[in-house]
Amino acid sequence: MFSVTVRDHMMIAHSLRGEVFGPAQRLHGATYVVDATFRRADVDADGIVVDIARAAAALRSVVGELGYRNLDDEADLAGMNTTTEALARVVADRLADRVRSGALGDGAREIDGLIVTLRESHVAWASYERSL
Amino acid sequence: MFSVTVRDHMMIAHSLRGEVFGPAQRLHGATYVVDATFRRADVDADGIVVDIARAAAALRSVVGELGYRNLDDEADLAGMNTTTEALARVVADRLADRVRSGALGDGAREIDGLIVTLRESHVAWASYERSL
Amino acid sequence: MFSVTVRDHMMIAHSLRGEVFGPAQRLHGATYVVDATFRRADVDADGIVVDIARAAAALRSVVGELGYRNLDDEADLAGMNTTTEALARVVADRLADRVRSGALGDGAREIDGLIVTLRESHVAWASYERSL
Amino acid sequence: MFSVTVRDHMMIAHSLRGEVFGPAQRLHGATYVVDATFRRADVDADGIVVDIARAAAALRSVVGELGYRNLDDEADLAGMNTTTEALARVVADRLADRVRSGALGDGAREIDGLIVTLRESHVAWASYERSL
Amino acid sequence: MFSVTVRDHMMIAHSLRGEVFGPAQRLHGATYVVDATFRRADVDADGIVVDIARAAAALRSVVGELGYRNLDDEADLAGMNTTTEALARVVADRLADRVRSGALGDGAREIDGLIVTLRESHVAWASYERSL
Amino acid sequence: MFSVTVRDHMMIAHSLRGEVFGPAQRLHGATYVVDATFRRADVDADGIVVDIARAAAALRSVVGELGYRNLDDEADLAGMNTTTEALARVVADRLADRVRSGALGDGAREIDGLIVTLRESHVAWASYERSL
């Protein structure tokens, strides 16, 4: 099994609903350093899992939709708690859409799975893993 | 599959028994930077894998039992070689006990598995992965 | 010259005023990983620059005043652009107050200077350095 | 499941064939920070996955065969695109040969699998995972 | 004293002349993770040392002139050993030219100094520091 | 001003004397990731601050004298508290001796200063800086 990972980041404001979140119920924010891993059983004829420039551009596009925003006001995220876990899934699902649409190239349709990790600090991070 | 990871550390003295360990047979020590990963098929109604504050507290409690000690003198570890691999298992098993006892909250009983990684330097680390 | 550094972090929301900030004029947020360095010409009789537990507690106290908040609403920061550079100075000045008040111990009054670095992502950070 | 990882690095020149590589079709180079992970169901009687000194020496030997070279001129790699993915497999396969030959000790024959990760920059890396 | 740092990277091939370089006399390569630090006595009216987007673009432009190339063939570098130290100076001097030309904005002319660090691996790096 | 840094590590046991150290008065241990920075006004005729292989060997030699030991039993360190700050100075002074003795090559006598940083965890480190 091969994988390729690209890293980017996004800076957002949000608040979380539920007593479990303590002070994070207040409006605050985060930088998420985002690692997107593309997994594939074998490399293609060029010897790659995915065109890394297209993979980086796709990730840039996804984090660009979320970054520099107050996620509490985003219609697409209405009704969900934008926890690190939940945002990892949002990023992964949006990347999966781009893979399936061909935005990462025809060969990228051979990608078997995605893992997205959002690092919220030097001491905490969350991941979401899914197949394609 | 979702996961959440929290990081802490512990500073211990110990020695290792067996010729394979070379100079590490002498009394020496280590800082272990400890990453504890909690895995779960789905998030709960709050959108989380685990209450991260409780997860961090549980990890703090486990490393607090081991840190600032000479592990050669710990009754609980008598007769075992406290290698990085073996200590990763000790930390994981003690975290698993806390999860099952409800110390991380009732929801945390849905956690499927744990991965504990102990980084002993910038060039070496070990992990232990187990189900719950 | 000796120095000791402790690391903590804070998660805040804010917006920045001025065309130079582009999309960061919108309400967004950041995790700042904060490194506070205490500099001193010589160590004390215990062989330390500063009691590291007190240094960490002082930094915790300073980031606790700022974290999990929308800095746009903080009276203490009214009228300033809370850029990474400017926040590095806020943290350094507040730490300096604590050093001078004796909160880090009497010996800490021998500290010559402070450097505070705020890492806003894996690709950008800012520092402020001052004497005491 | 236990694992142990050791880190080393290699500095190489190469070029990549195929339009997908854009400017990387020109002769350029890379530092690969190489992480080799040895996985095993249980530890041995000494409490280890593998003799870490031998594991590090084996990795050193493998990266020593590739480093400080122009990979375009290496007979062993003739006809392949030396992408990060492909090189991760080369390193993993050569480590697997050493494990099977007994170079990491007899006990190392119990190793179940290998994961090799090559970090080409702070924003991109690739892995290859295989069984033994 | 304030500073702001931005990070980028470049991937190059080169060889070094002189017995001191041992195997690095052969054609090989490196990824340099490049940190450019802009120092300034005070922030401007916007509260910044430099427009970080322009700083990042300037660094991108400088590493873009060097990356994906065999430095042995670059006319601009003819006759010099492209050591990590020497390349740190090349990057710093080219950034200084851009600062002075106004490419980072008029306010950036108040920048007092630059530090450029090139990280060639996880265990070695070099810096060059200059005034402006 | 140029500098070159090399990284190594050492794993030691020790205890600290003085109430200020709390639980660290007990026998415990640490991994110190050690960064040694060599500073010099200009590079030599080869374009280097120091022969990096010799610099790394000198650092290896210094950490080899301290590592895999209980520092409480080391005659050379008798009567001192082996705090991170104090050990940074020990490493720097021993490196300075090696520079002056010619162990890093004749050219290395032009080195102006040293900075040694010991990272004891992901959240704390200490440095000692001296001239030569």
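Annotations
Letters are used for the chains, namely A, B, C, D, E and F, taken in the order the chains are written, and counting of residues starts over at 1 for each.
By our rule, a residue touches a chain if its C-beta (ideal position, glycine included) is under 8 Å from a C-beta of that chain, and two chains touch if they have at least 3 such contacts.
In this text the structure is predicted, and so the values were computed from the model without any measurement.
Think of each touching pair as a link: the shortest run of links from subunit B to subunit F has 1 of them.
The chains that touch both subunit A and subunit F are B, C. Copies subunit E and subunit F of the same sequence differ by a rotation of 120 degrees once their CA atoms are superposed, given in steps of 5. Annotation: the subunit C:subunit F pair of sequence copies touches via predominantly different residues, less than half of the used numbers being shared. Rounded to whole angstrom units, the spacing between the C-alpha centres of subunit D and subunit F is 31. Per-chain Cα centroids separate subunit D from subunit E by 30 Å. For subunit D, residues touching at least two other chains, in rising order: 7, 122-123. Contacts from subunit E toward subunit F in the complex involve residues 16-18, 20-22, 80-86, 88-89, 122-130. Contact residues on subunit C toward subunit F in their complex (touch as defined above): 1-8, 43, 46-49, 51-53, 56, 105.
Residues 7, 9, 11-14, 23-24, 26-33, 67-70, 120-123 of subunit F are the ones that touch subunit B when the two sit in their complex.
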